[in-house]
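Here chain A shows up in two complexes: once beside chain B, once beside chain C.
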Partner chain A sequence: MTVLFFELKQGLRSTFWWCVGLGAVTFLFAGAMYPVYYDQVNVIKPMFEAIPEVVLRSLGVNLDILFTSLGFFSFVMMYLHLIAGMQGILLGLGVIGKELRLKMMDFILTRPMSRSQVFIQKALAIWVHLTITWIIFTLIAWLSIAGFSKEPIDWLIFANLSVSLYAIQLLFMALGALIATVLRKLKSVIGVGLSVVFALFIMNLMQSIFEEEWLRYLSPFQWFERGYLFVHNAFELPMIAMWLMVTVGSLITAYVVYVKKDVHAV
Partner chain B sequence: MSIIETKQLTKYYGKSRGIIGVDLAIEEGEIFGFIGPNGAGKSTTIRLLLSLIHPTSGSATIFGKDVTVYAKEIHQEIGYLPSEVFYYDNMKVKDLLNYSASFYKKDCSQRIKDLAKRLDLDLNRKIDDLSYGNKKKVGIIQGLLHSPKVILLDEPTGGLDPLMQNIFFDILAEENKRGATVLFSSHILSEVQKLCHRVAIIKDGKIVRVDTVQAMKEEAYLKVSFETKAPVDLSKIGFDHLTQVVQNGTEVSFLYKGDLNVLMGALAKLDLVRVNVQEADLEEIFLHYYQKEA
Partner chain C sequence: MNLYLREMKSYWKAMTFWSLGIIFMVGAGIGKYSAFSSSGTMNIGDLLDSMPKAFFAIFGLAGIPVDTFGGFYGMIYAYVAIMGAVFAVMIGSGILAKEERDKTAEFLMVKPITRLRILAIKLMAALTLVLIFVGVTYSLSVITIAQVSPDDPINGELALMMLALFLVMVFYLSISFFLAAYLKEAKKSSQLALLVMLGSYLISVAMGIVDNLEFLRIAVPFQYFRVVDLLELKLDPFYLIVTLVVSASAIGLSLYYYPKRDLMI
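Moving on to the complex of A and B:
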């Protein structure tokens, strides 16, 4: 458990700040700001209706559901997904690729521990960090919505929205792990990680604008479409299949590459 | 049974050659030198032994166990110091060493303190603030803190000042006395000669010779250069075993292999202005190997 405890300890501070960031955005936008916004709905609604629909879609605004507490939360979720994706990929790249970036692969792989153990313990450490963040996020979101909502809440929709954030965290963590294992060199975790997240986020915006169905399969942020969640109170099966395939596939590939690859001198 | 053994060990990186058909048998308690120019295959061999890379063909065993299949068990008893050392960000020396020690099933705290004292290293300093030489010391302690049975050193002396090199060699000699087997790769012949019992020479990925240091010393080449007041006819002086002879008027240089007394006797008969006799460096010895093959 040496690597697990080491990575848990090393990531504590960063996880604390992710919790603060995600929690603050959630509390501010899904909680504290909602009453102000709700009180002004008669002023705000016509303003939104004047904006072209394509612009609203690209901003993740769905006017049918926007003016409820959960609907507003689901709008904020689009940006919370982005933050969760960043945390996932930065942890995947940063923890699995830590020794690659620091040119310390020789160090970690000459300890009396199999490569398989090193990878699994690192992946477990990331999972713990992500889960802690998700639990804290869910608690803050729940308290914020319960505390500030003006109408009864369908908590199943809330639960689905919350789970979608966890799924995004895990998906991007798996992508980060995959990239960290296939690269020969890793100079900047932030550079690589944010490029991937923003590229996929932009693809999500493109899909919102052009509404090409096939594009949805290529943009992970679309896999947990909030409008569908509201109407059907469930996830879309084909998108869940995509999530499962990409997340599990990336993790298994990353594991195999990590265990088998030649580690060259630096 | 040899403690480290390779049989026809071969590694290709795509189409480029790493090592080809390397056969080595290192006995328990030996200090074994592994010399060759840059790119000859020293690091490739050591990385194969550590299972950092996987062989294209052939096999390698340590303690009689296959290095790939039993990497985890073997690493429990192996200490490794690479030519360049790198560490985690924002860590104190003692944190890194304690982390390294936590992988082994023994208490290494006293040993860390002892080695740090010998190498004059402050355990409370941040690694990022250390000079390259001091970072190397961290690497030495990290490689030896668990009293390994086999120590693999890949050009380990870079960055260490001569005083520290001596202390490091003393520590290695003590480890060897304790029973540790040492494989020491280097491109500096003199440091291998100082420490090792046997030496393998590797060139272009192939072992060209394995012999005792004593036998190599007896055959050592000397690089001789001198200047006389008047040009001399080398054929009349009676030198044997000369290679790479260059004569430029009154200045002469060559590689000499043979009895030093015979050489000095012959030189004494000349009307010398200047004379310089030194051990030939490795490159020149390798040049000799190339010539022999041609």
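Moving on to the complex of A and C:
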């Protein structure tokens, strides 16, 4: 348990700041900005209500998404995903790759514990950090929406949205762990993390231009797309399968590589 | 000169990956134009004109007139600008700090060149990389646009957008370069650079949704040169000066602080 406790303690300060950052953005975006949005958007609401529902549906416009606080939250979620993904990948890269990167691998391996123990405890420590952040995020999001909303809220949709953030955290943590173990030398945690997360994020944004269905499978931020979530009140099954495959696959690969890897003592 | 070549060599792999990314974004993006314009989904431009700002943000259009080719390219440009900023932050916070991070600072410092010179050469290398990024984007855009051959040529607008891209990248580069030169801990400086990047992007998003945040514009380089203005061949002179002054002072301060600060070895 030494590694677990050590990593938990090491990451405490950064997790605190991630909670503050994610919490602040959640409050500002999901809560404080909503009244302004509401006033702006309500001016045109009658215009939309005049259009028959069949027409709207064929255009792919969902009134619930446009005119409710939860709809606004689901839009804001996109940017919260970005932050969550960043936290996940930085923790995965940072914690799993720490000894490899800082050339201290021999120190941790001379301890009376197997490599698999080291990996598992490190992964557990990251998981705890991510879970704490997620719980605090959910609380703040819940309070912000409940506080600023002007209509009753479908808490099941809220729960789904909140879970999607957790899923993104875990996915990117697994990706980070994979990159940290597979790359022969990883030097800049922030450089790699920033590039990977933003590249995938931009890919997600550009989906509105590409509109290729197959591309959605390669773009993790698309896996929890809000349109589907709103209409069906559930996640898309193929996308969940992708999520499971990539997350579990990356973690297992990272584990196997970590356990078998040749380590150069310096 | 040796140092310059070495830096270029150490970044060529990253540069190649990034160029592939640009090819994907710009090439595939512009290639989609014919499908985009013929599908008619964007002919609702007139309707959208009457909508509040928040609406555009939700549709991901950010108030750009997407019914022309210029507007369509502007959308792609906005995405490239974000990636450009990420690239600039990565280079700026890495190129100087990596010596201390990888424990190679001593090897560099015993070479017969002054710290000021090291700093200047590294800055040159970083600027070259930024220029390559802009150059790849520019040439690729020209090539793909020629393939699509839209009805309305956008040569002037394109040139101006590339200038804006360069300016935004230089802004982020010099800020993160300064952080790396000024702060002793490489880790802290790259964390701060990340915070600057993420924070300014999120403020930019918020400005797209809510109207009354104009006062924050000065803090957000993404909003300095707006696509809407660039498409009208306008480059806001005030923000041009802001970019130049901030970049110059960040670099100036780096040159002042780095030669006399302690190295963490």
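By definition in this document, the second predicted complex is superposed on the first by the 241 of 266 C-alpha atoms of A that agree within 3 Å, B and C clash if a C-alpha of one lies under 4 Å from a C-alpha of the other, contacts with A are read in each partner's own complex, and residues count from 1 in each chain.
In this text, a contact is a pair of C-beta atoms (placed from the backbone, for glycine too) under 8 Å apart; a residue touches a chain by one contact, two chains touch by 3 or more.
The shown structure was predicted, so the numbers you read here are calculated from the model rather than taken from an experiment.
When the shared chain is aligned, no partner comes close enough to touch A:L156: not chain B, not chain C.
Contact with chain C, but none with chain B, is seen for A:L66 once the two complexes are overlaid on the shared chain. Considering which of chain B and chain C touches more of chain A, the answer is C.
In the superposition on chain A, A:F107 contacts chain B only, with no contact to chain C. Of the two partner chains placed by superposition, only chain B is touched by A:F6; chain C is not. In the overlay built on the shared chain, the residue A:A234 is in contact with neither chain B nor chain C.
By the touch criterion defined above, A:D262 reaches chain B but does not reach chain C. In the superposed model, A:S195 makes contact with chain C only, not with chain B. Listing the residues of chain C that touch chain A in their complex gives 18, 21, 25, 28-29, 32, 35-36, 50-55, 57-60, 75-76, 79, 82-83, 86-87, 89-90, 93-94, 98, 101-102, 190-191, 193-194, 197-198, 202, 205-206, 209-212. Note for the complex: chain B touches chain A at residues 13, 43, 47, 50-54, 71-73, 75-76, 78, 80, 82-84, 86-89, 99-100, 102-104, 142. Only residues 2, 6, 10, 98, 102-107, 109-115, 117, 260, 262-266 of chain A touch chain B when the two sit together in their complex. The touching residues of chain A, when paired with chain C in their complex, are 25, 28-29, 33, 36-37, 40-41, 43-44, 66, 75, 79, 82-83, 86, 187-191, 194-195, 198-199, 202, 205-206, 208-211.
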